[in-house]
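Next come two complexes, and both contain chain A; in the first it sits with chain B, in the second with chain C.
Let's turn to the complex of A and B:
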């Protein structure tokens, strides 16, 4: 029976090829655009370090003045002062790792005058960064605590910098200069893909950092600090100058500007939060933390949920592409109706000769499922082209400052999305065909025979 | 032709009618809002830059070695570049056309409540007029003797005579002559005298976004410090710029201890100025064009369906004396009624979307003629979509009536 139905369905598909093709095309275009946008939001919203993202926390303590405004959400809370990060780093807690981060830039150059200098954005951090955030190493590795404490000039560079400055060879042990400061390369990262660069709280896509240096060295050599400084009134006027100067004043001030991260195992979370409160209370005795004690310890999952929800561009396009797909499906309904209603005569004849409603439905469901399958296949092709187009638009609109290599993972169709597209395609086509099939199979058996 | 039977027929086919109306309304909403956003962007794209931006190269050096003598490098750079084949002229400048974002307020009086006028001040030397090909509108050109040069910390004095752009003069002084007038470059301080007016050129997005694209002032002074070096604007022979860029960068790298940032043709700077909004608007435009095609295809399908449904009625009408024309007209009118209802709802959707967008971008996207034109195009596309099935309907033989019981 199935074979018979299948044959009828295939025959009917071939019957009016232009209408069949039109239906498939309509579904494919709608599904293609829908999958394009879905893939972008899925890839862009993926939480990095999935295996432990719920244990990676951003730590914020409210050190602001008594007059400051109430804050009810982590995103509006200030970061941490440098002295607090140092104090927290010094705390011993089994199983807990902590690191800090701020954004900087520098002009990397080497002795060899044939190699032109490169201006690069970078990250200032601590030794735990490499164990907590697990960037992949191509050569060498990160620095250890002892090196960091001695403020030694060591640096981990990205693959891109290694390619530009050293032609891709193993450069571990070589010297590189940031401006005129000489540092020793101890590690070269491999391509490190993060859907969003979270650790500086910028959450930007496709712009990886180009080198990493210890915070002790950056402070000692007064490298630029591209951070936002949330200062108390006394320092508010000169807050901007902290980017490049007044280092000592910054270190003594109550300006919050360092992002602070902790990796805490499940069973330690409560304890860790208590430790923070204890620390703040201890500092309170010294006249700091004037406000009621308030901390935010937010894991990566929660931060990403919040950030993804605020992506206006993606939200608008998600709505548009869903509506667009709906319009395409409505169209498909119209075309299927047109196609099926031509067949009333044949159906009523078959019904009169004893074919059951069930058989008629089965035949058409098979036909529609084939249309959905083909629509899904073609839709994937459309989605692939759409994603390539979107990626090139982003490269173009960033004025070629973002590279194909860094953006590609954000626009990749993976197995989940392909399966998703197929199931959506077939399911939606079937739903769209309910009305046309219902109309068709309700044709009274003999109605058409009369007129012959 | 009587419209009443059409309405009756539409009422009978509620599902179809509503389907078509929703689709048209939605397509209209998306299409016209993206067309509105895109036209607004494209309008700004078409704005005259006022300079030969395809033949000007900008170079922005950035010293990282504090032991280098910036002033000495400045002299050597200009010497070296001028010696290159095909280089016409070079000028140092603190700002670059299309990215001059350092917007300031200037005033006509020294009073506390003086009115603010937005502008950008270019600090450069006498060569900038030749590099940017600015022509003299009124007064006199600035010359080498007007230019003040020096390292920031040892050169406290500033140039006291400036030139302003034609638009700036118009905004500040209206019909009056600007030459010889005094303006204040900061509240209560820094008065300067206008000695001449030059032709307009594009400043940057911040003024452009406020509709004040051409308001600028040129002050003849070249100052530098270890952390702030002027950019260079280099005009080369027509059409030679792309090929010379690499060579020019190499010449600048002869001076060590610095990084050559943003070395590019001004053409690219201009492109970047419009990018952010541009690419988004164009993406929307492409999506809505595809949507328009889909809607057209859908209309064809639905009408074809209706034609099949109404074969008998059409045959009857034909048998009763209706001409082929009349049958065509019936379908076209029916479709137009649906289209117009859809478009009206679509306009409401558009108004909501553009209102929201205008609020967000604090820029007015509404443009009635574009909206009407989009509606007209949609109507035409729909007519085209219905044309073929309607034609088939018109070809139905009157004899079909005789066949049925």
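Let's turn to the complex of A and C:
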């Protein structure tokens, strides 16, 4: 019976090709837009380091003045002071790794006069950054703790910088200048796809860092600091100057500006939080941390859940695309209803000749499933074109500062999204067809047989 | 073989109740050829629809081939229609975009027969109605009489015990009507019970027995003897 129903379904699709195509197109357009937005939302919302994201924590301690306002969420809590980051880095805890991050910028130059200098922003961080966040290396490695402690001039550059400065060859061991500072390249990163760059708390996508240098070196050589300085009143007036000067005052101040991260195994989480409290109490005794002790230790999963929930652009477009898809499905219902209702006489006859209701339903479910499948296929084509369009819009709107290579993963239709589109296409089409099929299969067998 | 006891059919709307059939008592034996006559709107088609298990009824009992049809599920009624009843309609009701072979195939498909058995039955049925050579034609390529013969082939292909014909000659000229009638008589002579609704008194008289329906009430008239008298006259 399946074969017969399949034959009838295919015949029906071929009999009225324009109606069939219109139904498929309606579903495809709706599904295409829906899948485009869904893919962007899905890819952009992917939590990096999925295998250990629950163990990667942003660490924040409330060191603000007593007069500061209450904060009930980590997103509104200040970062960490540099002296606290150094103290926390010095804490020995088995299985726990910690790192820090802020931004700097500089003009990278090499000896070869034929190569133009490149102005670039970069991350200042610690040796654990590379083991905690696992960026892929093309050549070499990150620096070790000893190198960091001695504030050696080492640098890890991105693939883009390596391509620009060294034509893509293995540049490990080469020197690069940032202003008057000479740094030795010890590692070259491969293209690092992060759905959002989380480690600076910016959560922006498609903008990888160009190079990485040790924080000890950056401080010792007074490299510029691109950061927001949350200072106490005493330092508030000169906070902006901390970007390029007053390094010592910054280091001694209560200005919070360093993003601090910890990787803590499950069994150590409680202990780690207690250590933070102990540390704060110790510092309190020294006259610091005037407020009630408050820490935020937030893992990547929770941060992404919060960020994804606040992504107004994606949320609004998700609603719009879902509504649009619903409207397309309603249109498809109308077309299917019109198509099926033209068939009442035939269905009435088939029922009279012995077809059971479920057989009539099966025949039309097969037909609708094929429409859904074809709608899904065409919808994928529409979604692919939509994603390419959205990607090019992003590149264009960034004045071409963002690269195709960095954005592509955020607009990629992977297996999950393809399967999602197919299942959504077929399922929604079937749901949409319930009413037309119900109407049709309830045609009384005698109702149409007397008509001329 | 077919027995109705106190069968009533009422069509209800919010405002009106229409008694299409009132307390029908009827017994049709196996192998009979029964004609059903009556004025338009008297309930002939309703009677045929009930007899063919195309509609349900509210009161009474209806035994078809020994089985009480009342209260059976929709699926069960479909099975009965498919296996025990063949339908012939005034307007032929062939599927216009299917060749004759596939038209005759429709009820057999729903019976779940093998392809081989279906093919044999279809060819035999089309041969019986004299259209074996045209099984790849579409209905629109045939005359009205030929189309009705295809409908008959479709009705007999499953070898049903009953053939229900609703004005089978209503859309045909007299010559073609004659041919169709002869075909039905031939089928009846092989043992198939036939119930035929008609407006044509002459055709009605050719049946073994005539049932008249007037205002939903059936009067069962034994015509066999009278017909014999008419035919021999």
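By definition in this document, the second predicted complex is superposed on the first by the 452 of 452 C-alpha atoms of A that agree within 3 Å, B and C clash if a C-alpha of one lies under 4 Å from a C-alpha of the other, contacts with A are read in each partner's own complex, and residues count from 1 in each chain.
Here, contacts are C-beta pairs under 8 Å (C-beta built on N, C-alpha and C of every residue); 3 or more make two chains touch, one makes a residue touch a chain.
None of the values given here were measured: they were computed from a predicted structure.
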item	value
Superposed partners chain B and chain C on chain A - clash or fit	fit
Which of chain B and chain C A:1 touches, first, second, both or neither	second
Residue contacts on chain A - larger count, chain B or chain C	B
Which of chain B and chain C A:328 touches, first, second, both or neither	first
Partner chain(s) touched by A:152 [first = chain B, second = chain C, both, neither]	neither
Touched partner set for A:15, first chain B, second chain C, both or neither	second
First, second, both or neither for A:354, with chain B first and chain C second	second
Touching partner for A:163 - first (chain B), second (chain C), both, neither	neither
Touching partner for A:341 - first (chain B), second (chain C), both, neither	first
Superposed arrangement, angle subtended at the Cα centre of chain A by chain B and chain C, nearest 10 degrees	90
First, second, both or neither for A:444, with chain B first and chain C second	second
Partner chain in contact with A:174 - chain B first, chain C second, else both or neither	neither
Gap in Å between nearest CA atoms once chain C and chain B share a frame through chain A	10
Common interface positions of chain A, toward chain B and toward chain C	450-451
Touch list for chain A against partner chain B, complex	19, 22, 25-26, 29-30, 33, 106-107, 109, 113, 116-119, 179-180, 313, 320, 323-324, 327-328, 330-331, 333-335, 337-338, 341-342, 390, 393, 396-397, 399, 435, 450-451
Touching residues (chain side chain B, partner chain A) in the complex	15-16, 19, 22-23, 26-27, 30, 62, 64-67, 253, 256-261, 268, 271-272, 275-276, 278-280, 282-283, 287, 290-291, 294-295, 297-298, 300-302, 304-305, 308-309, 403-405
Complex contacts: residues of chain C adjacent to chain A	45, 49, 52, 54-55, 74-75, 78-79, 81-83, 87, 89-91, 93, 95, 97, 106-107, 109-112, 154, 166
Residue ranges of chain A touching chain C (in the complex, touch as defined)	1, 4, 11, 15, 345-346, 349-359, 444-446, 449-452
